[in-house]
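Quick notes on the structure that follows.
Order of writing sets the labels: A, B, C and D. Residues in every chain begin at 1.
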Amino acid sequence: MEGIKISERLRMDADTIWKQILNHQFVLELYKGVLPVEKFRFYVLQDYNYLITSMKNFSVLSSKAGSVEAMKEMLEIAHLEATSEFENYEKLLRNLGYTIEDAIRSEPTQTNISYGSFLLATSSLKTFWEGLAATLPCFWTYAEIAEFHKDKLNECKNSLYFEWASVYFTESYQKLVNKMKGLLDNANIEYEKLKGPFIIASKYEYMYWSMAYNMGKWNIL
Amino acid sequence: MEGIKISERLRMDADTIWKQILNHQFVLELYKGVLPVEKFRFYVLQDYNYLITSMKNFSVLSSKAGSVEAMKEMLEIAHLEATSEFENYEKLLRNLGYTIEDAIRSEPTQTNISYGSFLLATSSLKTFWEGLAATLPCFWTYAEIAEFHKDKLNECKNSLYFEWASVYFTESYQKLVNKMKGLLDNANIEYEKLKGPFIIASKYEYMYWSMAYNMGKWNIL
Amino acid sequence: MEGIKISERLRMDADTIWKQILNHQFVLELYKGVLPVEKFRFYVLQDYNYLITSMKNFSVLSSKAGSVEAMKEMLEIAHLEATSEFENYEKLLRNLGYTIEDAIRSEPTQTNISYGSFLLATSSLKTFWEGLAATLPCFWTYAEIAEFHKDKLNECKNSLYFEWASVYFTESYQKLVNKMKGLLDNANIEYEKLKGPFIIASKYEYMYWSMAYNMGKWNIL
Amino acid sequence: MEGIKISERLRMDADTIWKQILNHQFVLELYKGVLPVEKFRFYVLQDYNYLITSMKNFSVLSSKAGSVEAMKEMLEIAHLEATSEFENYEKLLRNLGYTIEDAIRSEPTQTNISYGSFLLATSSLKTFWEGLAATLPCFWTYAEIAEFHKDKLNECKNSLYFEWASVYFTESYQKLVNKMKGLLDNANIEYEKLKGPFIIASKYEYMYWSMAYNMGKWNIL
């Protein structure tokens, strides 16, 4: 596979899953502005918990980074999440009639715990590169979803969803994703070791949207 | 809750889930000797992967143990898994017509990856006690299942299942479970912090049996 | 020890060591402005390496923090080090005639590696609180040194040393130290478990100044 | 460097340090049987603490191993240390008039803490291979010391020292060292990343003998 960047190859190998993510009912209805608000509210409470796990995950990645440059980038993202992303969430929660305490009290679903645990276990016990490969699909699919559905969004009348989605069009978000891809493109490790966590995380992304759409609880109890 | 051991309290708080585990269709059919063998074969291949994750988990727990005694116990279990349990599995695989390579090649299901990741993430990033609380339900439910269904097993005509289940009646297995419970009973941490991972791991145990019964693959693809 | 804060008790128990730190020859000569510049140059190159280890250490602490609040504080400090502290160092290096590459190339001394490894091993494998207790002496002794020698500094004619030391008088630095102390004051763990790493890290602080004063290399070769 | 095994190349690059280790006064006097017994007693108490750190270190390495085979080998060594090596130590302690409690109570020296922290920090935060490279010099130098001084030992009249040293001549010990070397020879990582920790650990080995010979305490207090 000469001349193909690692990130491009990963994207190709995950294509069947990503197509299903791009066309997931939750995503479609969200960008069209017709998603029932209670599903969005459920999603936002879950995502608040995911955000905290993600901050933890970038902390682990930072502690494992092999170069000062990579460590700084991981810390930059973790800090971004801990500050501006956190504030955005608190504002969004308020707009949805929630307090921050509601978010903290809300129990993460099975899918949320599983996905978060997968990220943390991979980053903690495998190499930095494998951890980064597991981390990438979340950020990258959000960017691709935004690009894929931009026409729908332009016609979207739901200001709440419009505002939420707009973040993923910003130059700063695109830059962030490109930085992570660029970092991974320089990974010094067999491709197959990266493919595993990238594919698994892509599947978790799909399941996460399904969980949100079904306002899913544990399969038991 | 004066006078109640931590492990007893955890058992009580997980009772609703544990009752469902004890009466899970896979478990019932297995102990009655009527479980379709392809379901058992599927279970064994998955469990081989779980065993490897479990060895990793006890390695993490050993590295986090606060006393030499606890470290030795964790290493003892890890080593037991790496030697006699591994040999038992290889023998079982052969009896089922599999090679060890089949087991290594078999892909862990979503539930398997999720449960294993939950154990590893908890043990890696939380305290030793929280990791131990997450680890206990797997060992303990197997012992309780064996006790609960011993009458059924006595009448079980399926020698394969009989032999497999017999392990969980042995004194050495009961001792192992009691050691882990005894260790956790001395945990120096708020009860609620132990309850969380114990309950979540109990739910994963239930899901694991369901996954085996359904010979489950990822929900996507 | 009713009514005494954990941090105060730690400070008292480390008093003999801290008195030697406050009066260490390197510190005295630095604040008087008479420290030979080659010793300061050696110190700065070493400290650049220490800063990178410290960023890593706060990343580990962030990944282990039990509350969102503590995680955010750890990330805040790690990010501060990765941005403004890093820039200060690069400026300082330039003022001393070094490039950033000189700093990266300079080999950490035995004492530097040992101290850094102690921080990382404690934060990685012990509890968050023990890691925090190991981390505190570096920050806190610099604040106390500044307070202890402020009269000397006012008369210090060496603008390079004056500028370097001024940082530790700033309100933002004092706030940072107080935040870390406040966090540790709420630690839910036996005092003796905190005392160990606090005392050991205090000894490493003393050794670090000695290493800088002696421009120390490994004791072998 | 075609055709040279990684372990051979590491050995060559550390040659200057290893020659000093082979000829360290503590080692020479020990193998000649003339080492003052109080120095040996001091060494044994320290080494008991080192053994516990080493068990922890192999637990970390096991949790990071990329293959089942490597994980099993790490667990095998950890378990060996936790069982037969531990018993040997307890017997040796008794022969020297110590109880196991004396060993537990004895404070590790600065060099001991530093070396142990270096192993744990490297294994925890760097790759498995770098951790293994840091771990190898301890085991390997003991084997080479035994080989280098075997003539002296044959004439050694001190049965205590003779018995202690004999362990490192056994086939099982040589096998153990060869397994670790063989594992590292297959490392998939740039050589320079292995050289760093191997050299630093070799220096710590030298310092450890010096610490024992000087019955060294912290340089402060």
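We adopt the following convention: a residue touches a chain if its C-beta (ideal position, glycine included) is under 8 Å from a C-beta of that chain, and two chains touch if they have at least 3 such contacts.
Just so it is clear, the model here is predicted, and its values are computed rather than measured.
Participant: Determine the shortest chain-contact distance, in steps, between chain B and chain D.
Facilitator: Shortest path length, in steps: 1.
Participant: If I list every residue number at the interface of chain C and chain D, are over half of them used by both copies, so same, or under half, so different?
Facilitator: same
Participant: With chain centres set to the mean of the C-alpha atoms, which chain is at the far end from chain D?
Facilitator: Chain A.
Participant: With chain centres defined as C-alpha means, what is the inter-centre distance between chain A and chain C in Å?
Facilitator: Chain centres of chain A and chain C, defined by C-alpha means, are spaced 36 Å apart.
Participant: Per the centroid of Cα atoms for each chain, what is the distance between chain A and chain D, given in Å?
Facilitator: That pair's centroid distance is 45 Å.
Participant: Could you tell me the distance, in whole angstrom, between the mean C-alpha positions of chain A and chain B?
Facilitator: Inter-chain centre distance comes to 31 Å.
Participant: Using the touch rule from the top of the page, what residues of chain A touch 2 or more other chains?
Facilitator: 56, 60, 63, 124-125
Participant: Of all residues in chain A, which touch chain D in the complex?
Facilitator: Touch residues, chain A against chain D: 63-64, 66, 125-127, 188, 190.
Participant: Quick check: in the complex, which residue numbers of chain B touch chain A?
Facilitator: Spelled out, the residues of chain B in touch with chain A are 16-17, 20, 56, 60, 110, 113-114, 116-118, 120-122, 124-125, 200, 203, 206-207, 210, 218-221.
Participant: Name, in rising order, each residue of chain A that touches chain C in their complex.
Facilitator: 52, 55-56, 59-60, 62-63, 68, 71-72, 74-76, 78-79, 82, 86, 104, 124
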